[in-house]
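This report concerns only the one structure given below.
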Amino acid sequence: MIGHQRVRDEEGGSARLLALSDGVFAIALTLLALDISVPAGLNPAGFRHALGDVTPNVWAYALSFLVIAAFWRGHHQIFQYTSEVDGTVIRLGLLSLGLVALMPFPTTLLAEYGDQPQAVAVYCGAVAAMGAAQLALTVALWKRPWLCSAALPDPVVRNDVIDLASTVLVFAVAVPLAFVSPTGAKLWWAVLIPVKWVTGRRGKRLRVAAQQPGAT
Amino acid sequence: MIGHQRVRDEEGGSARLLALSDGVFAIALTLLALDISVPAGLNPAGFRHALGDVTPNVWAYALSFLVIAAFWRGHHQIFQYTSEVDGTVIRLGLLSLGLVALMPFPTTLLAEYGDQPQAVAVYCGAVAAMGAAQLALTVALWKRPWLCSAALPDPVVRNDVIDLASTVLVFAVAVPLAFVSPTGAKLWWAVLIPVKWVTGRRGKRLRVAAQQPGAT
Amino acid sequence: MIGHQRVRDEEGGSARLLALSDGVFAIALTLLALDISVPAGLNPAGFRHALGDVTPNVWAYALSFLVIAAFWRGHHQIFQYTSEVDGTVIRLGLLSLGLVALMPFPTTLLAEYGDQPQAVAVYCGAVAAMGAAQLALTVALWKRPWLCSAALPDPVVRNDVIDLASTVLVFAVAVPLAFVSPTGAKLWWAVLIPVKWVTGRRGKRLRVAAQQPGAT
Amino acid sequence: MIGHQRVRDEEGGSARLLALSDGVFAIALTLLALDISVPAGLNPAGFRHALGDVTPNVWAYALSFLVIAAFWRGHHQIFQYTSEVDGTVIRLGLLSLGLVALMPFPTTLLAEYGDQPQAVAVYCGAVAAMGAAQLALTVALWKRPWLCSAALPDPVVRNDVIDLASTVLVFAVAVPLAFVSPTGAKLWWAVLIPVKWVTGRRGKRLRVAAQQPGAT
């Protein structure tokens, strides 16, 4: 207690930050799909051709939807027991949303110029930045138990931190890799599949354990 | 109890998944209308002509609004008594939203290329996929009564499942049909009118019964 | 009781319908402004000229913002004491949202082709339709006191109905008027200013009276 | 009491005004980023060039995100203890949202024509107007303690008023300044950095004091 007097500067409940966040996530998810379009007024052959050209946009949409949805789920988990927010949490939360709102741009780049090193590098950089912001937010909430109605069990948070840190690491490494080989960078992302599988299962097991009667 | 130990891995209340869902539904509904537009700077005759050309877009908007609004109402009904969500429900819920967010694209296709088999097939496929995702979500919630504050009466859920399954079936059958005749596929949709009328009335009757004192 | 057995088919609380509505209102309000833009890459003189050309779009935005905001405020008032919704309320609520979501289109028409009878007529028709849907919703809620946590005082609702009906009437009359004179139709809207002033003041007085101790 | 009889015309809880506000803020924040785009179908050299041209849009996005996020945080603070709203608060709240929804337009102007006096002046005018509306809203809530569940301590509100008034002043002064020198006007904004630093620290200190046991 002495030496590190906790300064309480709560700025009220977390409801509105979560409402704003869910709004930005919902819009970013929906705007991603705006990029999937076919010009009007083509003849039948031109239309069929244009429809085929839309395929990379559909894949880029699916990928970015998966990425943003995964970040939303993480956001949902870290705010699960948070009842109050302070200045730092609001600032980190807004920074995180600013990066989520940007996602439609790198997604379009990836769909249209997926063979260009710069496009792949921008995409990887955007995901890494979004992950880093969410990691900072996770750690900030972890260090402020007084904002929470119930303490998140340490092993659960530690697992979440490892999960986010590995996402940041994989996408950050992919930035320089994209300049060596854009395709190589995309294949490198697959490293996350086993990592996510392990952290996902461990997270589930830890959460189940925490909810059993007699748990912390 | 023994043999099938229920694993509880709730990830918190359903409030945020519903907030995200309402956001995505609201945006998808509103973006549908963005397609209705007239180029700027036309002369009076050109303007009147362009205004007439907008008619198929208005019809496509009305149709897709009806479809998405019906899915929203179904979503509202299945989550009515849900108070908690787990990983599976979140994953199916997000998948469902990803398909809702896609809807503006097939709607535009239908408005601009409604006489092309591919456009009609893509539209039917998108609606069938959205229906299948919502069907999976409905069944998942039905099989997880521990996530609900009150059990949905079995006959109500069974009626909802029949309603959704018939939507999926009609639109899935319309996909190959569109390649035979795009107009035929659209007329085939009308099969859903009596089906919806019957399931709608039965659903209402079952719900009224469930709310009467002395009911389950 | 006898002779008109009330059928209860509530489909749950009003929270999600209101969340969807606030979402659609928020997006429609924001998309209105998307039409205000200047092409990129002009020279300084061209830029100043294009900036001047944006003025009618700003006026159309202000007008439609006012209209949609007024409808939102009315929506807020009629749902103030509503705690449950049933099938009819959901259907009317969704119809109403479908018309709100359409508003960016007639707004653009008015900004770009405000001197064309068809553009003014479409705008007036859209506002009249939106008003009629909200009027139907208001009457439906008034006739279903069992959905409300507290009864809205009859004089307050009657005043709201007069207010909405006069909006519908003025804009419906403006549709044929626009074909006689687009400018005349726009001047005719000004009739609503004194009407709204009177109903607004009366509504405030009635609400104050209803909130005084000993009222109802 | 006598001489100034308080007229209560509450129009219900603040929940829906806040939901609409969070929606408009979320959409405005996300639409800001739509301006960051690269045309499709360029060759590698053209693509790299176009990607470089996007830099001013990214800066304008970051600046406007910061501005809108700061306004959202202020909005969050002033509504923290508000539980009811009346006609004046709704009107000022909606006016404020109308100006927030406009922000994507001046942001694009600044990104595309940042060296033109008119573009900088429009941007400054838009931020000043948004600040003035929020200032009016803050004062209106301060003067209506009966709408609040707990009184905001006077020093906290006074600090918020100074903070907003200084934002309005700096951006209003920048409007004529932009016609002398667009770059000068942008450098002048930096005056706000120390002002915000001081009001931010004071606000935090005052809030901490107000939350200590035995305060107010």
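Labels A, B, C and D are assigned to the chains in the order they are written; within every chain, residues are numbered from 1.
Note that in this section a contact is a pair of C-beta atoms (placed from the backbone, for glycine too) under 8 Å apart; a residue touches a chain by one contact, two chains touch by 3 or more.
What you are looking at is a predicted structure, and each value in this text was computed from that prediction instead of being measured.
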item	value
Fitting chain C to chain D on CA atoms, where both chains share a sequence, rotation angle to nearest 5 degrees	90
Proportion of interface numbers common to chain A and chain D (over half same, under half different)	different
Geometric centre distance via CA averages, chain D-chain A, whole Å	26
Chain centre separation (chain A, chain C; CA means) in Å	37
Per-residue multi-chain contacts in chain C, two or more chains	19, 23, 26-27, 31
For the chain C and chain D complex, residues of the former touching the latter	18-19, 22-23, 25-27, 29-34, 36-38, 40-42, 44, 47-48, 51, 61-62, 65, 69, 72-73, 76-77, 79-80, 204, 207-208, 211
Footprint of chain C on chain D - complex, ascending	7-12, 16-17, 19-20, 23-24, 26-28, 31, 87, 90, 94, 97-98, 101-102, 104-105, 108-109, 112-113, 116, 118-119, 122
